[in-house]
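The structure appears below as structure tokens.
To keep things simple, chains are lettered A, B and C as they appear, and every chain counts its residues starting from 1.
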Amino acid sequence: MPSLAAGNVPPSVAGVDRNLDVSTHPPSIEAKRLNFFYAEHQVLFDVSLMVPERSVTALIGPSGCGKSTFLRTLNRMNDLIEGSRCLGEILVEGQNIMDAAVDVVLLRKHIGMVFQKSTPFPKSIFDNVAYGPRVAGEKNRSVLADLVESCLRKAALWEEVKDRLTTSAMSLSGGQQQRLCIARTLATNPKIILMDEPASALDPASTDRIENLIGELCANYTIVIVTHNMQQASRVSHQTAFFYKGKLVESGPTMKIFTHPSEKQTEDYITGRFG
Amino acid sequence: MSGQGLVSKPATSFVSGADKLIRRRLFLSRVFAWTCRLATYSLLAVLVVLLFAIIYTSIGRLAPNFVTSTNSTNPAKAGMLAGLWGSFWLILFTAIFSVPIGVGSAVYLEEIAKDNFLVRVIKVNLANLAGVPAIVYGILGYTVFRTSAAAVSVFFDGKHLISVLGLFKVRLAKLPIYEDNVLVGALTLTLVILPTVIAASQEALRSVPSSIRVASLALGATRWQTIWRQVIPAALPGISTGVILSTSRAIGEAAPLIMLGALTYSSMCPGGVDSPVKLLTKPTQVLHAPLDQFTAMPIEIFDWSRQPNARFSEVAASGIVVLLVVLLSINSVAMVVRHYASRRLRW
Amino acid sequence: MSPAKSPSWATQRVFRRHEKLIQGALFLCAALSVLTTAAIILVLLGNAVYAPGAKKAFFEQVSVWEFLTGTHWKPVDGPAGRFGMIPLLSGTIMVAVIACLVSLPAGLGAAIYMSEYAAPREREILKPILEVLAGIPSVVYGFFALKFITPYILKPALGLFGIDLGTFNVLSAGIVVGIMVTPLIASLSEDVIRSVPRSLREAAYALGSTRFDVSARVVVPAALSGILAAFLLAFSRAIGETMAVVIAGGQQPIATLNPLRGAQTMTSFMVHASTGDSAADSISRMSIYAIGIALFVITLTINLISGWILRRYREVYQ
């Protein structure tokens, strides 16, 4: 068995227990034998993964390993890609979301997503956060104002923007924009948040804030995060899943993956021998 | 924290139709999609209705003799021969003027010009010229080209003598130059379409990959050799398509020609050339055609449209059918060029 | 600058002397456009504002104030002539506004449909249809308005409400001008809508949006300034549109906002006046230049604003 010195793993952010026993935790998402195709090209092979409730699961692996594709099947964002096909089952709170009867609008309201590139709408800060509730039919201004404030607070952005809620979201810095996108996601009242390399375009200070934010949010939300940065994966996640060439090589408690991986490929990847 | 109860909320059902509000939103979404689809397909419907209405109206008059006879005050006899020949000469000379100037400008702007103040002025100016109403060019043509033609024609009345180096005098030949002649019309139309021709040629030149230029220069070719032997041949299909399409627009232009004082009623083909055979057999008439008065297809259609006699509606509709057929054939040529070029050249 | 340009060319000095000549000739071709603009301005000013020689320019005989604010347009020589452009302006604005009422919903709807809904194959069919609509000459639309839309659509439809419609009317002219500029709005708006980054659409979908929410609440608002630019360009095109209005819109220069009657626009006056037989330096002939200046200034101003908005829009997303 390969063994890495536990001292090499950086300390976790507050609120993350990296030795969490996944098997005793109630599942939030369960993917079962997931296969995914872009036209004739298969990018996911028999991926099965359980994501425990109110925890952070990090998906790691080299570029093109299928981790982002896997993430995007969880809220059926891949439906938007012409000619894509997905086989298998994904249970979210016990319901198979691959079912034809599933309403993707409802599903996506329940499963928020934060993208690599921050994507503020060219509207005011307030209107950005209020977008989700508004399309869902909320019109009451004071309800919206309360919701915007609470979401901005949860995203640790309130203090910075409370005096300029009506200015354009495009005027915020990169890190602020990304936290705004998190606040916007929280405003639709999701239970699960998917994050696709949310900090990869940010400076170290902003990255730090996002990581701490993830630690705070996982008390109430199930978070799945794709990251290129292994240090980050080890800092913020309870569970880590390693993808390679479209296959899930190994998953388990983060501490175990980073200190005693069962597979040689995993060890090679996290010790930086490839990828 | 607000009392949203985020954690202990019972599991939502994702099954469609589970939520009344979502059902309403999805319905709204479908209504919106259908509204947009309706807007789009109503344009197709307009096109179909327009063509049908015109073809239907033309039935009373459209016959082979419509394109072999000239205009008449009798709707049963009025034909489009003069307009067809007028448009032919106009487009011929418009193309002769606008293609070299247009392609030359595009080559200069895309391949030679540095990014200096003057070039920026030219580019901004071109963008603005494209938005100038065609009728304004008509005023320009009337004031500059027509007046110049009138001034020149004075010298060719058969009485004018010019002295050569003060030694002897030569009598200029009598040439019937009209001030509202084909060349004046063609020059005006050239100004109308030039911005479009330039833009289309620039577009074609821009689509030639720079690797071709670099490779040619690397082999020791000069800049001009590269442009002439590599870039222009590579861009030629695109240039031809663009130039044909923009020149064909000139066929439908009536307003600037009317501003020039082009004939609205004419039973005369320019130079008296009224059959393709005469293009070969009557060289003097052919040479005279550019300096002769003219009418054009859209002008004749305009004239027939405004006649109170309802039978002229049929004549106008017939004229439109002929005009559209001409436009369609020219555009198909452009499509064929585009089609073959896109098969032959793949970057 | 164009991506096709090789940067090394700016410094390259290896070409022969005759190539300099060719270069010079090509430069003259390009510079011709500047000459054209200068000629347009000189010709308009030289006849409307200040005429050299014996001939008197338009504004040397009619005050600018009377021209801009006068409500009577009676372009005849002698003391009976009245030269207030308001009647022509009102006719022009009516046509352009009706055209926009037709083309804005149709063009924007088509743009949204083609960019957000239509499958690629369907787009390939729809695009040429728009090109065909845009390529049909103005006289054809004029005929269609006068001989079909007015008698067979508008008259019966308005007749149901007991409304009387003139044979020549601004309404039918405005409608066909609207059809003519719809492809312009559609293709320009489609371009700006497509340039809204895919990431914004994905973000909106990820927040639980329907396709309507994505289009109407995110994409169209994000593209709004570009759409406004397209709209302005179409408005300016409608103002300069000539033959359809001449044929279907009538020739009465009356200051009115009633689209059920005929009215004269700036362009239809110019056509009307140039088919007349007044002397070249008479004031009735000179009035063409004055109206020409007004038309040129109005369309140029709108086009410049539109271009400025479009450039600012492109800066946001590129």
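The rule we apply is simple: a contact is a pair of C-beta atoms (placed from the backbone, for glycine too) under 8 Å apart; a residue touches a chain by one contact, two chains touch by 3 or more.
Remember, it's a predicted structure, so these values are computed and weren't measured experimentally.
*Asks:* Measuring from CA centroids, which chain ends up nearest the centre of the complete protein set?
*Replies:* The most central chain, going by mean C-alpha position, is C.
*Asks:* Out of B-C and A-C, which chain pair has the most contact pairs?
*Replies:* Answer to which pair has more contacts is B-C.
*Asks:* Compute the distance, rounded to whole Å, between the mean C-alpha positions of subunit A and subunit B.
*Replies:* Whole-Å distance between the two chain centres: 55.
*Asks:* With centres defined as the mean C-alpha position, give me the subunit B-subunit C separation in Å.
*Replies:* Result: the chain centres lie 17 Å from each other.
*Asks:* I'd like the Å distance between the centres of subunit A and subunit C, where a centre is the mean of that chain's Cα atoms.
*Replies:* Between these chains, centre-to-centre, one finds 50 Å.
*Asks:* Provide the list of subunit A residues touching at least two other chains, using ranges where the numbers run on.
*Replies:* 105-107, 110, 135-136, in rising order.
*Asks:* By the touch rule stated above, which residues of subunit B touch at least two different other chains?
*Replies:* 25-26, in rising order.
*Asks:* Can you list the subunit C residues in contact with two or more other chains?
*Replies:* In subunit C, 210, 213 touch at least two other chains.
*Asks:* Considering only the defined contacts, which subunit B positions touch subunit A in the complex?
*Replies:* 1-2, 4, 6-7, 9, 11-19, 21-22, 25-26
*Asks:* If you look only at subunit C, which of its residues touch subunit A in the complex?
*Replies:* Touch list, subunit C to subunit A: 197, 199-210, 213, 217-218, 221-222, 316.
*Asks:* Enumerate the contact residues on subunit A facing subunit B in the complex.
*Replies:* Spelled out, the residues of subunit A in touch with subunit B are 54, 92-95, 97, 99, 101-103, 105-107, 110, 135-137, 146-147, 150, 153-154, 189, 191, 220-221.
*Asks:* Taking the complex as given, what residues does subunit B use to touch subunit C?
*Replies:* For this pair, the touching residues of subunit B are 25-26, 28-29, 32-33, 35-40, 42-44, 46-47, 49-50, 53-54, 57, 100-102, 104-105, 107-115, 119, 121-122, 125-129, 131-140, 142-144, 191, 194-195, 198, 205-210, 213-214, 217, 222-224, 248-249, 251-255, 258-261, 264, 298, 301-302, 305-306, 313, 316-317, 320, 323-324, 327, 331.
*Asks:* Under the definition above, what is the set of subunit A residues touching subunit C in their complex?
*Replies:* Subunit A reaches subunit C through residues 75, 77, 80, 105-110, 112-113, 115, 117, 119, 121-123, 131-132, 134-136, 170, 181, 184-185, 188.
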